[in-house]
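Some structures to go through are shown next.
Look at the two complexes coming up: subunit A is in both, with subunit B in one and subunit C in the other.
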Partner chain A sequence: MSAPSRLLVCIAVLGALHLGVACAGFFAPYDPAAQDRARPYAPPMRPHFVDAQGGFHLLPFFYAQELRAGSFDQYEENRVRAIPVRFFVTGASYHVLGVLPLRMHLFGGGDAPLYLLGSDGYGRDLLSRILVGGQVSLLAGLIGAGLTLSIGLCIGTVAGFLGGWKDEVLMRIAELFLALPWIYLLFAMRAFLPLTVPPLKAFLLVVMVIAAVGWARPARMVRAIVLSARERDFVRAARGFGASDGYLLRRHILPETASVVLTQAAILVPQFVLAEMTLSFLGLGVPEPVPSWGNMLASLQHYNVLVSYWWMYLPAVAMVPFFLGYLVLASLLQGGYGTSKMDEALGEI
Partner chain B sequence: MTRFFLRRLAHATFLLLGVSVLAFLFSTLAPGNYFDDMRLNPQISAEQLSALRAEYGVDQPIALRYARWAGAVSRGDLGFSFAYNAPVGPLLWTRARNTLLLTGTATTLVWMLALPLGVWSAERLGRPADVALSWATAVLLIVPDLTLALGLLVLVVRSGWLPTGGLVSVGFDGFSALHRVRDVAWHMVLPVTVLVASALPVLLRHVRAAVAEALQAPFLRAAEGLGISRRRLLYRYVLPAAAHPLIALFGFSLGTLLSSSLLVEVVMSWPGLGPFLLEAILARDLYLVIGGVLLSTLFLVTGSFMADLLLYWADPRIRAKASRP
Partner chain C sequence: MSERTAGWVLKGTALAATLGCVLSIRSAASFPTQANPKEELLRVSGDIGRPGGRIVIALRSEPKTLNPLIAADGTSREVISTMQADLVHINRATQLTEPALAKSWKVSADGLQYTLTLRQGLKFSDGQPVDVEDVLFTFRVYLDEAVHATQRDLLIVGGKPIEVRKVNAQTVALTLAKPYGVGERLFDGLAILPRHLLETAYKEGKLAQVGGLGTPASQWAGLGAFRLKEYVAGQRLVLERNPYYWKTDVQGNRLPYLDEIVFLFVPSADAQVLRFQSGETDIISRLGAENFSVLSRQSRDYGVADAGPGLEYNFLFFNLNELGEKAPAEMARKQNWFHSEKFRQAVSLAIDREAIVRLVYQGRGVPLWGPVTPGNPRWADAGLAHPARSLDKARQLLADAGFRLPNSENGESPLVDRDGKPIEFSIITSASNVDRAKMAALIQDDLKRLGMRVQVVPLELHSLIDRIMQTQEYDACVLGIASFDADPNSDLNVWLSSGGMHVWHPSQKHPATDWEAEIDLLMEQQLTATNGAQRKRLYDRVQEILAERQPMIFLASPDVLVGAKTGIGNFHPAVLEPYVLWNVEQLYQRNGAENARQ
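So, the complex of A and B:
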């Protein structure tokens, strides 16, 4: 495959993954906050095609799980009745992309609950929570990266274009942020902000903290490009013809930074998703009951969960395809623009 | 030469100063302080509370507090922890020791693995063995350390192969010296594995790229013609030529000794700085957090300073540049 078509394939795959998470409500069979107190820590249910009598079913069916007598977390399948998996069922209401209200789900269990990936301690469907939690985590990464790049672009452009003492001061501050280990910076900024806040505010707070931590590196890269672009012949020619600063920036200088900004975006988004997960995992990020990949993993800090309910680990696996996608994207972008090698990109991580 | 180092030193001092100011500025953004929770406690009267606040000086203006704190730091005293009612310095040090034990081991291992593997891989650039290794590192690279740490933990807990947390077993005080060393080493296996696995791919790729580039140099053809053995050629001639980017990376490795393992420590309940600082954050133990941030910055700054020293010693180009006025 040629480089452009590889890039297209990569973007298509990433787009499909994101679309899947964006339409989480449709793919998730249940409301992520709906509790089923009768079935805490139900293990993942297997869809079957062959029933107990050896008959083959074209559409999958499942057996309802029932608590074993005298136990609170041991389940067994009730093999007497095969319950067909129903498709395009009406269930809990949700909003597609946050606006369009719908009640249609891709699949559901009908009268018996169907937990494909099991349930958590409150009997909430893990699959639904992973999908909806992905919205929170990915959105934090995307908005955080967007904010960081805007800040970095502004500061880098100002420093590179104006030069002089302004450049000096801004770059010294950027060096400060680069000198701090980012996890300490994340910790410290979060430490000095309110601890217990409602989920939406916490989400915004996390995004802002992440963005404030990461701006220095893109700012330095943008500055380097602006510095060199400012002295290019065609820019000086345009200036000689009487072009204003705004025109020069818009028409000649900022387009030069596009490749760096795009590549940085592909590197920063997965990093920031991980930052959100880290904060939420440690209890400093998005709080319950709103799911995020990080706070779902927090239950693994309990020994009994770790020992008995391995499926609680699945949110950590959910992010791996996204990471892979972004990593390939970053390396393709860099290869495509011929600015630097993949190895250098990996050094930035 | 002295000017070169003086300039580096001034830069490092500036960074430390800036970080401390930044940390204090952030702390003023925070609503509430350590003593606010105590208002809910009926056993503590308002007078006692205001006496406490006055004693610890939390109501004073930020500039005054910073001046007092900076004065204390210049005397080697990092401040006072509210929660532990003890000076921050010794508290941090007991925890930092455990962190350094972990990261020191991991960093040594990573370099011992990355150097030979990188050279080996660069020598076979593009051949099946090199491609296989590249794929292996790519797989390690896409698995974030949180996923890896939790995954290993789940695996180990279910199989019972290794201890899953802490630094020592129950009854450690009664063990003989040899038994103690073995016990701690046994507990370190899991966190060190995660740290090595997360640091190895990046480092390996750098070593491979640097050595592959150095292998192109014409002087190597000459050396080969002179009949110098392959092994001697690689480690005696190529590696020093490829050293420049690696030394900078080594400085970075040294600098992140205190910060690279925070998350892994929390996940694996290793009694290092990670869980300690997390608790301090949750308790709003201001000076403990600032002390931790400052200590880790000190490490980073020292790491890059040492990389500069090493580079000056190893790379004649830098010596030439530094001696020029």
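So, the complex of A and C:
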């Protein structure tokens, strides 16, 4: 496969993954915060096609799980009744992309609960939580990377283009930020926030915080490119013809940074997703009951969950295709634009 | 507070210098294993054990001190209970008093005078004999205000300290200003101190500084089953058998059976479970229900036991403090809701206690409607109502109290007050206590059905306590208290409006409400009533007032869950603290053959 078509495939796969998470409400059978108190830690339920009598069903069906008498978390399938998986069912209301209210879900179990990926300690459907939690984590990554790159691009361009003492000052500040132990900085910032932060605000805060500390590296990369681009012959020529600074930046210099910015974006998004997960894992990010991959994994801090309920690891598995997709994209972008030489020249900046 | 991380205790430092005049006289001769006829030893029933061996136990934190006068945290008290003894002791299994260092006692008819007779031939763990002077010294230092003994308040009866007088070489008489309902339970946990080791420090006013963990073993002694052997900071504390201990088994063998107890410091509950599973520790107590089920699933050479509901009660309470002018308007508005009894009753009715027991304690607990758990049958009010969860009744109460109910019942539109403001508040919990954080999450979901928007905020324990006791900046809180004794007086400072643990409005100068004044009165009456039935009636009434007014919304009580290697004999966990070490002198390691029979 040629490089551009590989790039297209990669983008298509990533796009599909993101679309799935963006429409989480539709793909998720339940409200991610709804508690089914009769079924804590229900293991993942298997859709069947062949029933206990050997009969084949065209559409998948499942068996209801029933708590074994006297136990807290031991379930057995009730094989007497095959319950068909229903498609396009009406259920809990949700908003598509945060605006359009809908009640239609791709599938559901009708009167019996269907937990494809099991349930957590409160009996909340793990699949719904992973999908909706993905919204939170990925959005944090996307917004965080966007913000960080914008800040980095501005500062890097200014420093590289203006040079002189302004460059010195900005780069020293950038070094300061690089040297900051960011996790402790986040702890400190969280400590100063008011006691109760509503979930949406908490989410935005997390994003802002992670964006605010991450701009230094992209800024330095952009600066290096701007610095070299400024001295190139065609830029000097344009300047000689009387082009203004704004024109030079827009027309000649910023386009040079595109490859670095795009590659950085592909690298930074998963990094920021991971940062959000770290924060929420430590209880500093998105508060319960709003799911995020980080706070879902937080329950693994407890020994009993760690050894008893393997499906609680699934949020960690969910992030793998996203991260792989982004990293493949980053390497394709880097190769595809043919800037590897330049990157080599820039070396470890 | 039932959490073991409380740390408001002076840091113990090794102060060998202040004890310089004292040298240990630990004889090298063989210690008596059979009773000497001059000694009046206490015979205790139980399986005849095998002498020797040791057990290893993990503690959640290092004890702050070995000094019983100033020990305030749970781990220190647990360790001290194996090293010290009291005059009269509460048997943790029967919850009744029994003779200890005092072989007998008499109470005068008016209930004002107690005459206690000491056992003959008692010796401290360093071999020094015990006499009445040690008892007098003990009371003197406990009652001395300058010492700040944690148990001092319990020895002030009717506003006056107890007077102690020597009658003869074996007998002391104690005079109370008023009759005292608890009676001889008073003496439980009051360690008789070695005068020969402590008097110098006491005279120099340095008593609070002795008994740090670094104290040399030769300069520390007690009357408990074990004595100090070795302390390695951050790792372990080793105690050895007290050869002069004053109890024997029914065959007359001197207790304790074990040669050593090793306390390891293992800070997290999960790490304790791992150590226990791998066989590094022999006994584990204060198990969470989740870890209990992990252990019971994989049980090999150990057994786990559910000793039934303990005395810990968990509850939700609202900020009912009088905040005055300084409070922000928003807080004043919230307090208007919280002060409404119907609001609190509605919250109580909406809470699914069964779900708390099932999801938080995996069924190993009981739902609560009052502070006295089924683990304390003698004092629980059998007539207390246990209203079933009812969202409809809760909504009705809220409507009666002037709240406007949401149109839909799915929790999307909010409940609003008279002024149309949505009911939103936060519940703080201790971040280190998973159980309570889970309870708060369940309550959050329950109250959402009433249209209340609740946020759960886990806080570090110290800042949580600070908010409740000092700054009073909080809306509501989920907390738990574990009574140290089954008697109502152990929670006196929770129920009295002047009490420091009167959590919803601590340390009041005058009772803020009529019913708090009534509770104050009832508690004081039961304190001086000497008739048990009368005390029970008075305390029942306290429980009824609490259930009606709901200053604390009682949630659930966990069972006491413990585990031990199958090779440990006489292991009988109790629901009173210390759950597993209360009969430490009788614990023993079975040998292989005995094990096989088990």
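One rule holds for everything that comes next: the second predicted complex is superposed on the first by the 323 of 349 C-alpha atoms of A that agree within 3 Å, B and C clash if a C-alpha of one lies under 4 Å from a C-alpha of the other, contacts with A are read in each partner's own complex, and residues count from 1 in each chain.
Note that a contact is a pair of C-beta atoms (placed from the backbone, for glycine too) under 8 Å apart; a residue touches a chain by one contact, two chains touch by 3 or more.
Just so we're clear, the structure is a prediction, and the values are computed from it rather than from any experiment.
In the overlay built on the shared chain, the residue A:307 is in contact with subunit B and with subunit C. Looking at the superposition, the partner that touches the larger set of subunit A residues, subunit B or subunit C, turns out to be B. When the shared chain is aligned, subunit C comes close enough to touch A:288, but subunit B does not. In the superposition on chain A, contact of A:72 is made with subunit C only, not with subunit B.
When the shared chain is aligned, subunit C comes close enough to touch A:35, but subunit B does not. Contact with subunit C, but none with subunit B, is seen for A:198 once the two complexes are overlaid on the shared chain. By the touch criterion stated above, A:122 is placed in contact with subunit C alone, subunit B being left untouched.
In the superposition on chain A, contact is made by A:277 with subunit B only, not with subunit C. Residues 195, 283, 303, 307 of subunit A lie in contact with subunit B in one complex and with subunit C in the other. The touching residues of subunit B, counted against subunit A in their complex, run 14-15, 18-19, 22-23, 26-27, 29-32, 138, 141-144, 146-147, 150-151, 153-154, 157-158, 164, 201-202, 205-206, 208-209, 256, 258-260, 262-263, 266-267, 277-278, 280-282, 284, 289-290, 292-293, 296-297, 300-301. Of all residues in subunit A, those touching subunit B in their complex are 172-173, 175-176, 179-181, 183-185, 187-195, 274, 277-278, 281-284, 297, 300-301, 303, 306-307, 310, 313, 316-317, 319-320, 323-324, 327, 341, 343, 346-347, 349.
Contacts from subunit A toward subunit C in the complex involve residues 33, 35, 37, 40, 72-73, 93, 121-123, 195-196, 198, 283, 287-289, 302-305, 307-308. On subunit C, the positions that touch subunit A within their shared complex are 270, 273-274, 288, 290-291, 293-294, 297, 352, 355, 358-359, 362-363, 412, 426, 428, 431, 434, 438, 441-442, 444-445, 455-459, 473-474.
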